[in-house]
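There are two complexes below, and they share chain A, which is joined by chain B in the first and by chain C in the second.
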Partner chain A sequence: MMEVADKLFLYLEYPFVRYALIVGVLIALCSSLLGVTLVLKRFSLIGSGLSHVAFGATAVAAAMSLTNNYVLVLPVTIACAVLLLRTGQNTKIKGDAAVAMISVGALAIGYLIMNVFSESANLSGDVCATLFGSTSILTLTVAEVWLSVALSILVIAVFLLFYHKIFAVTFDEDFSTATGVRAQVYNLVFAVAIAVIIVLAMNLVGALLISALVIFPALSAMRVFKSFRAVTVCSVVVSVVCAVLGLLVSIVAGTPVGSTIVAVDIGGFALFSVAGLIARRL
Partner chain B sequence: MPQLSCQDLTLGYEGKAVASGLSFTVGAGDYLCIVGENGCGKSTLVKTLLRLKAPMAGQVVVGDGLRPGEIGYLPQQTVVQKDFPASVREVVRSGCLNRCGLRPFYNRAEKQMAEENMDRLGVSSLAKRCYRELSGGQQQRVLLARALCATRKILLLDEPTAGLDPKVTAELYALIGRLNDEGITIVMISHDVGASVRYASHILHIGKGSALFFGTKAAYLESEAGRAYADVGGGQA
Partner chain C sequence: MKRYLFALIPLCLMCALAAGCSDDNAATPAAPAAEDGQEAGDPQGEQSDPQAAQDGPQGPAGDYIDLTKMSSTMVYAEVSNIMANPDDYIGKTVRMSGLYYVEAGAEPGKNYHYVVIEDAAACCRQGLEFIWNGDHAYPKDYPKEQARIEIVGVFGSYDELGQTYYYVAVDDIVSE
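Moving on to the complex of A and B:
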């Protein structure tokens, strides 16, 4: 036990570990904030579709040897988010098909581009890193850390400012529109925020695992709590705790960061499911 | 100028007309009851008035300075997904949102109003309960409280008494009557002929495919459509 603690303190001396923790906590916080709404809007799939788009855009950025791939990845993902959330509103089946189309399409094109244009000697390693995030979070530059912090704070601010509106529009879009709340505007704001979070989260858990980060904490909280505020607060706490635990475990045990965090999230979900069952029995 | 006026409105879905030739006006302080058989297009009409749906032909003119933020609405059906976490208080307060504008949080007056409307509809004791876990009638009352929070000039109600017990129904009609006396315009869809005729100032009767009657209550009772309908209603009027 002491040994593990010593090792941990040793690692915490390194700035890159501290950066990883800061950015990890912020990303976990933001993704769970938006995750509740995403799950309730039945848009869980869109989250995973968007992460594939981000993967494709990353591949293109790499092929173009952009020094800062956010310049490309962020706008592309935001554009797709706006498109998908818009079609997903009224025409259910079309929306579903559109999500599937864009997500597998982006995945295939992304891999193709990486294969054709990559000069790297370790292609499968690169692909694996983008898909599963292996160690990206531990190799962040100071500029990336600041960008992540700024974007996370922006997302949190937007969520707090629009909290009641997001609730009302998610609960009953028709009523909101009928009574003069500009539902379309808030859906747009929400789409942009979700895209930003997905691009950020690629660093933490990689493209394929982002949905887990978004969905598990929300579902865990919904097992036990019954009001929107309680669910939101609880999912944030669950998400942050799981992210920190997962990061620390992966640093000490040398496991891949993304999958470790998701494994802890799954554990959290199991725990809350049991707690929910017990609470209902009482 | 009336708050709402329609000229030769045609309603429908995906190119198929449901009702056509609807012409009527709603002035400030009116109490309009919309009656008609199941499926004749009453709910569709209300959605069109609220601009949730575009009419197939004709148009809805909003006048008298009525803005969307002054409208209250009770939908006939609210499809809320299973396990949506929302407490009764959160739902009722969301009716105040059109008063907030860009302000991110509810102010004290709005919270107070939400509590008062929960009191009026007897759901204060349920404030912390999950909306989804209530009975149908309880849910209806919660949504009514929310609609009252949103109302400043006009209230559109799609079968407000569906699922309510007789005592609450009577209280609700009295409450709506009081709101109308305070100057709030009421547009109500109802299958309760007796109550429609008792409380309304105007009646719109939609028949199969087109309007059968629009006018004041007195004129309706004299009309052919009105007599036939009131007879079926058991002469409660």
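Moving on to the complex of A and C:
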């Protein structure tokens, strides 16, 4: 036990481990803040769809040899997030069909572009790293850390500023609109915030596992709490604890970062489910 | 209040379970490889004594980086860091184990030797070039390609065709 603690303290001396913890905590915090609303609005899979869009945009950025792929990935993902939330009201293509269409299309096109245009000698490695995160979070540059911090603060500020409006739009969009709340504007702001978090979270857990960061903390909190505020606060705590634990376990035990964090999230969900059952019976 | 208590229990359990995870990832060196060999190019950077460095402070602040004692996730991240900021590591002693790879150079008889490590997901690879100090002939004295080897040496750089390359100057190669 002491050996593990010594090893952990030694690892924490490395700047890239501290950067990973800072960015990991911020991403977990932001994703869980938005996760509660997404789950309640029945948009759980939008995270998955947008992460595939981000993967496709990353492939295009790689083919264009862009040194900073955020320049392309962020606007494309934001555009698709807006499109997906708008098509939720479109009768021609229903919400879930639109998510599936964009998700699968972006994944396929991204992989195609990577295969045809990539100059990398390790294509399967690049694809695997983008899809599963690999150790991306441990290889962040100082500039990427600052960008992540700035974007996370922006998302948190948006959530806190518009908390009451988001609450109203989440539970009854039609009623909110009838009472003068500009639901479409808030949906748009929310879509931008989701897209930002998805792009940031790709570093932490990879494109395929992002949904877990959004869904599991919210669902875990819902097993025990019932009010929107309590669920949101609990979801944030669960998400941050799971991200930190997953990150520390992965660097000590040598397991892949993204899947370890998601495994801890699943464990958290199981424990909260049991706690919720016991709480209801007492 | 009761609900808050019930929310605390799973969180405490998760922390307790996570505290039980560990990994002993120390490499076990086996028989030493053959000697004799190859010229170490025109190295730059301050050359420290590997043995003295091993006795000094470890971690990012020290002059000795023992990658064999780190988990695979940390090894990959640290090697990525070395490749991203190589100048910060010049003169430091590096111990690492990985798969041995060789690449033929443009000039006949010129070869470049690498230790390659993989990340925990086994999808990404990083390689560090090493130069074996002394007189060693390839392939006679070197390990078989893709054999697991362990090296200890001083990190340095050399210039070739107007480009700066980084390598580890090793005195011995231990292969499994």
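Side notes on the structure shown:
The criterion applied here is as follows: the second predicted complex is superposed on the first by the 277 of 282 C-alpha atoms of A that agree within 3 Å, B and C clash if a C-alpha of one lies under 4 Å from a C-alpha of the other, contacts with A are read in each partner's own complex, and residues count from 1 in each chain.
Criterion: contacts are C-beta pairs under 8 Å (C-beta built on N, C-alpha and C of every residue); 3 or more make two chains touch, one makes a residue touch a chain.
Computed from a predicted structure; not experimentally measured.
Because the two structures share chain A, they can be overlaid on it, and in that overlay chain B and chain C fit beside each other without clashing.
In the superposition on chain A, A:A230 makes contact with both chain B and chain C.
Applying the stated contact rule after C-alpha superposition, one finds that A:T177 touches chain B and leaves chain C untouched. In the superposed model, A:P256 makes contact with chain C only, not with chain B. More residues of chain A are touched by C (comparison of chain B with chain C). Of the two partner chains placed by superposition, only chain B is touched by A:M222; chain C is not.
Superposition on the shared chain A places chain B and chain C such that, viewed from the Cα centre of chain A, they span 170 degrees in steps of 10. Legend: residue contacts after superposition of the two complexes on their common chain; A:L271 is shown touching chain C, with no touch to chain B.
Here chain B and chain C sit at a least CA-CA distance of 12 Å once the structures share a frame through chain A. Judged by the document's definition of touching, chain A residues 221, 225, 230 lie at the interface with chain B and also at the interface with chain C.
On the chain C side of its complex with chain A, the touching residues are 2-3, 6-7, 9-11, 13-15, 17-19, 21-23, 25, 58-61, 70-74, 76-78, 80-81, 84, 119-121, 123-125.
Listing the residues of chain B that touch chain A in their complex gives 47, 50-52, 67-73, 75, 78, 80-81, 83-87, 90-91, 93-95, 97-98, 100, 104-106, 128-130, 133, 146, 150, 156. Residue ranges on chain A touching chain B, taken from their complex, read 36, 40, 42, 160-165, 167-168, 171-172, 174-181, 221-222, 225-231. On chain A, the positions that touch chain C within their shared complex are 1, 3-4, 7, 10-11, 13-17, 122, 124-125, 127-129, 132, 134-135, 138-139, 141, 220-221, 224-225, 230, 234, 237-238, 241-242, 245, 248-257, 259, 264, 267-268, 271-272, 274-276, 278-279, 282.
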